[in-house]
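The structure appears right after this line, and notes come after that.
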């Protein structure tokens, strides 16, 4: 039972940690499947986290925060689209630039508005997304095995966690079962085919980039108003890049990407629990080794099992009618 | 500029009037006027870069013309995007396929014509409709196959089906036959015939004048962006068309003395290749090539010819068998790569020049040393001596008449024919003992074809061994001293030049083997 | 990102000089608006940045000191780029390269600097090179996506260095995880001291002998990529792997070697930062210069001749930014980050924004209504 | 005519002056000085290694009257610049430099940590307490070691869970990670966690408040952040050090040399205010007062991680 509980707590933590990665990775999915490389997931999450925390602090409403976060992220996404789609700029440079702008701007605005070194005030409970106890969770708690599983793992997360998980089947459905999805995947592989089929490549790519903005907005709001209780400078701390890695590890497919995110999050959750553990024959494992575990794991998986990940053929290339 | 019929009575299906289009300094279309009638097949010919694809892309809304008007069924129309063209009933099969390779055939057909925001029901409806079309035109296409798994010929059929599915009243076909086998070409022509009977019009671009003569009603000739002539097909012949295209008298025939074969320079014994997906792509291939002869390899593209060339040239590992190069045996485990092959005096003009033989982004002089960059005479110490490279390139370009004579121009800016001449020049320059050539004249216009053919024959006459792979039967027949036929990864037959006829090769290409001894007279 | 004029036929100076200048000017204009928005005087502030970067000997020294580090990391990105590889791992390679530099300097105490320098260069190059060659090998032989592996190797490098500095290399009895200081005999000469020795007075700054190394690296990279057979093989592989195979080049070997060279260049950052300035092994000395190197390389069009001015531009932004916060206490250090981002955005990602306008300006063709090709 | 204006200055480490931790402590001291005297001060936040020296040198050459440098990372730069400017006064907080114009102020963090360890052991109902450190460096291990001694001395059976947030400076600024670490420790039975992790610690405090458990703040008094949820804070009087440096420099009593401020000097301690009044039982107060008195008297020795080369006691 004790083992079960600690396993459940590990998995619980995995879910919490996976949520922002998942949202951001799905954002990357839409963007890159449409042929627009998005290094700027990090920056979009960061502005969203800031805007969400700032709006929640000012209005006292988590939902207002979420709205503001999404809006801010959409603005950045539009800028990315303007540079890469309209002006055919280098997509990587644009992403790098927007990350840097986001890093600086959130701190500058935070300082100017709240005078707390770029932080926002701590959010009270009402201004955050609280944990939701699912129906019957309390009642079923006593049922062996399934009870704790339902109570500890399934129930008791905030709504954004459920939203992120729901986004996976939704994304799958959109991408593979709808007209929009068909066109989206086509424009990332061969924009000329889409163009000659009488569909606007530009409009399609803008839509994809904006969806990415929306999802990053939710991811950012999650960081500052659900998982955390306020904004700190650079609070994304590389999660955007990790999400990108998960997307690639998931070979640009929604369900494998979910598993990649869960894997990263699991390794992360595990490492907090492995610190200080002694292994027979080796002694105490250095913290740094444990800390590097998710990254080492990724490299090993990539090298050993995943095989070659083939990106959408047109990703990274602006569309020019040319021979 | 011969007469377009003066009376206005037969209403035209499409009229392009005064079309003008520039790409920066390139004047691709100059004041072009072209009309074609309903229920007709209209041919469009011209040298490489004459502006044929550009003109048709304008009609399809893919490019916008700088000047000019378009009329469809007598009505002036404004075609700004392919969507406009599709709405007007214009369909186009592009020279370069516009397919999403990772999609299934059905998904490709559906793209842009989904019939609803959710695919499920639309997919079922489309499947039925496409099936009906397939039956009607006798086009067979596996709807659930992934496009990249299909041979090019089938991909071409998908393109055609796509246009039909979108309900094209006017169908533009830009060099559809370049990748089709003779039976496939015949099938395509039957489809075109049926379309004409249904009252639709077809515009056909091709470099093969034989095809023009076979199916078109009228034909227009484009030269340097201008319409220079228009003929009623029945009233003209190939020579006249060729002369109009080039602007002077041309010779369509290669003169060639009988071969004097010498020693065996290249041979392969029982070579097998299995590709990354585990499919056997070359099965027990055996052949010999002697000094002073051209051995032609005929076959529909995708039947193992590429693998054969790649194995012989050192680019690809093989599973079993031996290759013997000037007496030296090479097995599956011998260290042998393209550089090694060149050191041993083997040169290779690959089938797909853009993918393999040049680097599009490089200036011409850098593409002109691809594969020879390690040569002692091009470097000075550590340094690649660009002066010598430039001189070398200029001499290559002069010998093979590559235009424009500018070694610093980016390779991709040369026309296809000129790129091909540059590659031929590079590979023949070092007087290789053995030359492997794949599709030497694919997509190349008739002027350049004759030149390239003459060069190959003269190399043979200097006592070199040449292995020629071509999907063009005419080319095989015109050049080869001996013909091998490939089908499904196997060499299914061998014929001496004298016995090689179109029909015998054709049956062998279809996989029907005949004993080499069995003599049959061609009908 | 092809160098030089595209098919739109602009003269080289329009694309090479005019366009970047217009773009940087626009970036500064937008920065000025941001400064205005937080209630400061934009002209004064930008003036202070400019003065800070180029107005004093010390400022120039700092500008070029930053530019030196950025040149190394940008050359690393450029080298990989021409081999068709996107190396995001400059940060980690610089970090590990620094370890090599540090180990050499620590173990050669008492040797004169000019004897230590070649060895510390080798130390940095070998350590950085090996650290980059692993992702290269994984890409070439296992198909592992180089972008992820290099990102992962940044994290791993960081963990490794912390482990070593906290547990192994730390100077005993010291709070911060740093090694012992190098022996002063090994210190690279400071530019100010070198100038003084030939009778030129120069204000003190961290600019040191490494700047010559950076210039040499620029020349070396230029020569290697565009004037040797190996450089040719590298570019061929980068442009078209199949064509490389056709040419008898083994793309896999080229990928590994290219990454190793790229990492070696990044590793030289340690020579400037540690051997030149900090004189000890410490945590986190690459401080984002590896990432900024990406922007510098892309803005410099992956050519040394472009990288040098781009590195100086960024060095000026770093140093001018420091000066800015010195002069304007109300402007926070993060504003400087914003300005850097804006410059990358306008001069990098939006570099083509004015191109059509410029083309129209230059197209003095008689024909009216020349629409831009392929809307 | 008024005398030349007094010009103090302060250089903060990378965390920035609002890090809710030791930089902020120094800032508070300086602000208090400003409020008391009306004298303004210049301040800078370091963003990269090269700027440390640059700021110090710039301030020194502009003849600042005293330059307070916050953080052990400043030590090598202070040493270098102080040599160049022997007439300028430098106060180094958290580090040690032996020069005639440098005042080094260090703190006996282990002593303060010991006290909060005592309180944690007594406040814990589960018999498990936690520690969350920032970046894994000797300084933080010193905190952890003092804490451990306090816990074990009070209730030897208490289990201690310890985690470090990471290996890069980002470990100081990652509240998400802090809250995950806290949650994992709660799941493993801890009900009191001491966070010595800069802004990362904010996540720990937040997670504790969310879960209805207790946390212990660090450096500055953080009790007010979640009243009733923060057991106490291990205060390190960086503010006093900064204030004193400014004040003594102004009135001429500034002295170079090395100071180690422990419990005896009121350099470290535990925060006791209205926000945690309800949490501190008389029994706890008695125990912590006893420990305080004994440490001050020297009868109870708290081992220092650095001196002992490991947490040995």
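Each chain carries a letter (A, B, C and D) given by its place in the written order, and its residues are counted from 1.
By our rule, a contact is a pair of C-beta atoms (placed from the backbone, for glycine too) under 8 Å apart; a residue touches a chain by one contact, two chains touch by 3 or more.
Since the structure is predicted, the reported quantities are computational estimates derived from the model, not experimental observations.
Chemist: Greatest Cα-centroid separation from subunit A: which chain?
Modeler: Chain centre farthest from subunit A's centre: B.
Chemist: With chain centres defined as C-alpha means, what is the inter-centre distance between subunit B and subunit C in Å?
Modeler: 46
Chemist: Which whole number of Å gives the spacing of the CA centres of subunit A and subunit B?
Modeler: The answer is 46 Å.
Chemist: Report the inter-centroid distance (CA atoms only) between subunit A and subunit C in whole Å.
Modeler: Roughly 29 Å separates the two chain centres.
Chemist: So what's the Cα centroid distance for subunit C and subunit D, whole Å?
Modeler: The separation of the two C-alpha centroids amounts to 37 Å.
Chemist: Could you list the positions in subunit D whose residues touch two or more of the other chains?
Modeler: Within subunit D, the residues that touch at least two other chains are 136, 167.
Chemist: Check each residue of subunit A and list the ones that touch at least two other chains.
Modeler: Each of 118, 233, 238, 288, 291, 321 in subunit A touches at least two other chains.
Chemist: Which residue numbers or ranges of subunit B touch two or more of the other chains?
Modeler: 63
Chemist: Okay, what are all the chain pairs that touch?
Modeler: All touching pairs, sorted by chain label, are A-B, A-C, A-D, B-C, C-D.
Chemist: With touch defined as at the start, can you tell me which subunit A residues reach subunit D in the complex?
Modeler: 5-6, 9-10, 12-13, 16-17, 116-119, 122, 223, 227-230, 232-235, 237-238, 268-269, 272-273, 275-276, 287-288, 291
Chemist: Report the residues of subunit A in contact with subunit B in the complex, numbered from low to high.
Modeler: Listed in rising order, the residues of subunit A that touch subunit B are 177-183, 185-186, 189-190, 192-200, 313, 321, 323.
Chemist: What residues on subunit D touch subunit A, complex-wise?
Modeler: Against subunit A, the touching part of subunit D is residues 16-19, 24, 136, 161-164, 166-167, 170, 173-177, 179-181, 183-184, 187-188, 199, 202-203, 206, 225.
Chemist: Give the list of subunit A residues in touch with subunit C in this complex.
Modeler: My answer: residues 79, 82-84, 87-94, 96-105, 107-108, 111-112, 118, 233, 238, 241, 244-245, 248-249, 286, 288-289, 291-292, 295-296, 298-299, 302-304, 306-309, 311, 320-322.
Chemist: Can you name the residues of subunit B that touch subunit A in the complex?
Modeler: It is residues 60, 62-63, 81-87, 92, 94, 96, 98-103, 107-108, 110-114, 116-120, 122 of subunit B that touch subunit A.
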